[in-house]
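As written, the chains take the letters A, B and C, and residue 1 is the first residue of each chain.
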Amino acid sequence: MIEVNHICKDFISPKKYPGLKGAIKGLFSTEKVVKSAVSDISFTIQDGEIVGYIGSNGAGKSTTIKMMTGILKPTSGECRINGIDPSKKRKENAKNIGVVFGQRTQLWWDLPLSESFTILKEIYNVSDEDYEKRMEFLNEVLELSDFFDRPVRTLSLGQRMRADLGAALLHNPKVLYLDEPTIGLDLVVKDNIRRAIKEINEKYNTTVILTTHDIGDIEELCSRIIMIDEGKKIYDGSLERLKDLYGSRRKVSMEVKQYDSCKKLKLAEKLGVSEEDCRMEWDDEKKILGVSFDKHKVQVPSILNMVMEISEVKDIQIQETELAEIVKEIYNHGLHAAV
Amino acid sequence: MRKKMKRYFRLYRVLISQFFKVIMQSKVDFLMGLLGFFFTQIMGIAFLYLVFQQIPSLSGWTLEQLIFIYGFAQIPRGIDHLFTDNIWLVAWRLVINGDFDRYMLRPMNVFFQVISEKLQPDAIGELLIGTILVVRGIANGTAQMDAVHVVFFIISIFAGAVIYTSIKLFFASIAFWTKTSGPFLQVAYEMADFAKYPTEIYAKAIRFIITWVIPFAFVAYLPASYFLGVRGTFGFGQGAQIVGTECLIAAIFWTVAYALFNKGLQIYESAGN
Amino acid sequence: MRKKIKIYLPFALNELKRQLAYKGAFYLFIFISLFGSFIQYFLWMAIYGSSPNSTLGGLTKEEMVVYIFMVYVTSNMTMITISDWVSDDVVKGTVAMNLIKPIDYRMSLVVRALGTAVYRMLLPGVFIWIGLEIYKVTVLGLPLVSIANVLLYLMSCMMSFLICVLFDFCFGMVAFFTTYIFGMLMAKEAIMSFLTGQLIPLSFFPEVVQRMFDFLPFSSIVYTPVMIYLGKYTGSELLFILFRQAAWVVILYLLGTFIWKRVTNRLVVLGG
């Protein structure tokens, strides 16, 4: 079980000034800037959960993960990973976790992948028997054998990511942290990686915490989402609930013949709902009328009826709001605008 | 405890044997690096040689004696260089770009991970020239070596290497506070060049600094002058005094440097924000 | 010409800005690089103290002090290493990128190096130079350097800068053939510190060796400008020395062009 209690992390850096003059000024300045990267975040994660930890760039995702893995010490608050505080017992915690940072490898750059695994076997004190068993499984799900003898620096990004994931799993960690595990990968490899994560989670009941910008990762893997923005937690719950809460909007687009007369139509008024619940958008060029509405308050047929009274409709499209758009909406406007 | 030590040794062997394989794959690079350091030292000797064309002795030291000191200085330096070269990367790169993260993720001693990541074959250039010059000094009678001296010699070069490592670690650890400490480390490391020559030629302040503050004099000049017998006797007592002090200094500096390194791990900020 | 300046100036400015950005590094840089000079200083004082003659290699003890510190000022300003930039670009594959851009790769490096040179001339070069002159007049009792010698010195420095950078560009091309240039750089620096007169005035070498140095570009990099500063050359000899520097600039420029053409051809063939 993972418990995170009111952790905060502040970064202090010297003040920087712009331009050449600023660079000279900076030589003599001692001003400091305090930036709060994570402020007062708490959550609990049960064994075997797959949790998506999401937020825009610089929201504090990586900082939180780094505190949970023992890389960073929190400014205040504490984490407990299966009862161990990583900031106090780093080595002990490290035995139980696996970490993959999508942006940088933890393998030995110049060595063949097989040698990296040999070294990791020693580092994590994996017995020969366990090693054999684990490698067999990892080979199966990650297909490492294709490039097992090649130096890490010669691997493609997708191969490297599979290798890194394998390396993080060699010692069968109870918790797996993945920081953008699918960044920059093509669809096939992404799919492979996701399947592997799922299989590992199912087979070993490994707890998985992943940060990502890829909505696909979340939709396919995560039963639960924690969303943060500017260092604060703004959502914690199931994917379904998030969709339910913020994804109730739909949009219907109609290509209409009598475009100009449609412009006079006041849909919200006629349907007796607020302007926000039934908003009309116009595309003058293509002569398309779009209506964005709350699906709990307005039905598609009633909109169609209204429009068809005035004009002939040549084509109709109905769109469900995708998670990507919900997330975008939340990133752009904060939580409240999306509600 | 013993089991733990054994594990670390085994791991070190695995890592190092890997690096030998890598080195053997790029023999040209290896040779180049070796030649680079070899040449640097040769130039120092050539300099002394040219100077001695003009003068019979330098403040009472003969060319042969200076060459012995010069050569002796290379051996602890080379040992440290061979085994702990990765410390330089901590100072220059690993902390500021966040690559240091990976050491924090593994259930092993962080310092051990840092040094075991790399073996610097270039150092063999220094060790080679150092050994050649020292052996030469013994062969032509400039320096004395009997059984007692050999023991002191071995202790001294190891203590010297520890002093080098401690100084490097101390200044590299500053990177945890300043993100990069390469220039600091560079300053400290280059101080070692002072110790290639007899310290009497320097102003008092400099002599004090390189003897007691950044004690490179104990790495090279002081023990070397013992083997040359310039203080009058080659006796056991004198050797014990010089080498003993060297060991004490090594122990103190190591303790301080390692404590600072550990303190640095506590405040390590990673990168990418 | 103005357009050219507009294109290349940012390289120089950026380099200047980058250097200033590391403030800790900046203060320390001055400190470190003077270390070598102080070691040299004490060493030479001891050497002169042990010598029965008052001049060694044609220099008095006082002139030697000037020599040591002017070597520092000069080499600091003129010996800009660009080969590691080249090797960096080769390793990262950005050389190929540079081939696409409508700028001359070598030119952009030279200008970038010029940024560094100017920076180093201002800080700490000028300060040490002034300090040295004060020390020279008040303690060593030598006359102040003449304006003419300063101007000649600066002119000579400009050419040594070009010689050094152009030579280093050729050297940097080695990076195309080895992945580990660090060792070569070490060897190069060691040998150059000797051949340029950084470590010891070239007049200390045996006659035969000195004759050989006349046919190499290295003496033009440090030894020549410093000896000009000391006023050791006059009349036709001075003209000849300056002419020789100019000749080296031209030769190394042509050599660089030739090698660059060969290398880029290879690059295109191999697909970089």
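Annotations
Please note the rule applied: a residue touches a chain if its C-beta (ideal position, glycine included) is under 8 Å from a C-beta of that chain, and two chains touch if they have at least 3 such contacts.
Everything numeric here is computed off the predicted structure, so don't read it as measured data.
The most distant chain from subunit C is A, comparing centres defined as mean Cα coordinates. Here the chain at the heart of the shown protein, by mean C-alpha position, is B. Spacing of subunit A relative to subunit B, judged by their CA centroids, is 47 angstrom. For the pair subunit A and subunit C, the distance between C-alpha centroids works out to 52 Å. Once the centre of each chain is set as its mean CA position, subunit B and subunit C turn out to be 29 Å apart.
Looking at the complex, you find that subunit B touches subunit C at residues 26, 28-29, 31-37, 39-40, 42-43, 46-47, 50-51, 53-59, 122, 178, 180-184, 186-187, 190-191, 193-194, 197, 201-203, 206.
If you check the complex, the residues on subunit B that touch subunit A are 7, 10-11, 14-15, 18, 21-22, 98-99, 101-102, 104-109, 117, 266-270, 272-273.
Interface residues of subunit A facing subunit B in the complex, by the touch rule stated above, are 11, 35, 37, 58, 62-63, 66, 69-73, 90-92, 94-95, 97, 99, 101, 103-104, 106, 108, 110-111, 115, 118-119, 122-125. Those residues of subunit C that touch subunit B in the shared complex are 22, 24-25, 28-29, 31-32, 35-36, 38-39, 42-43, 45-47, 49-51, 53, 56-57, 178-180, 182-187, 189-191, 193-194, 199-200, 204-205.
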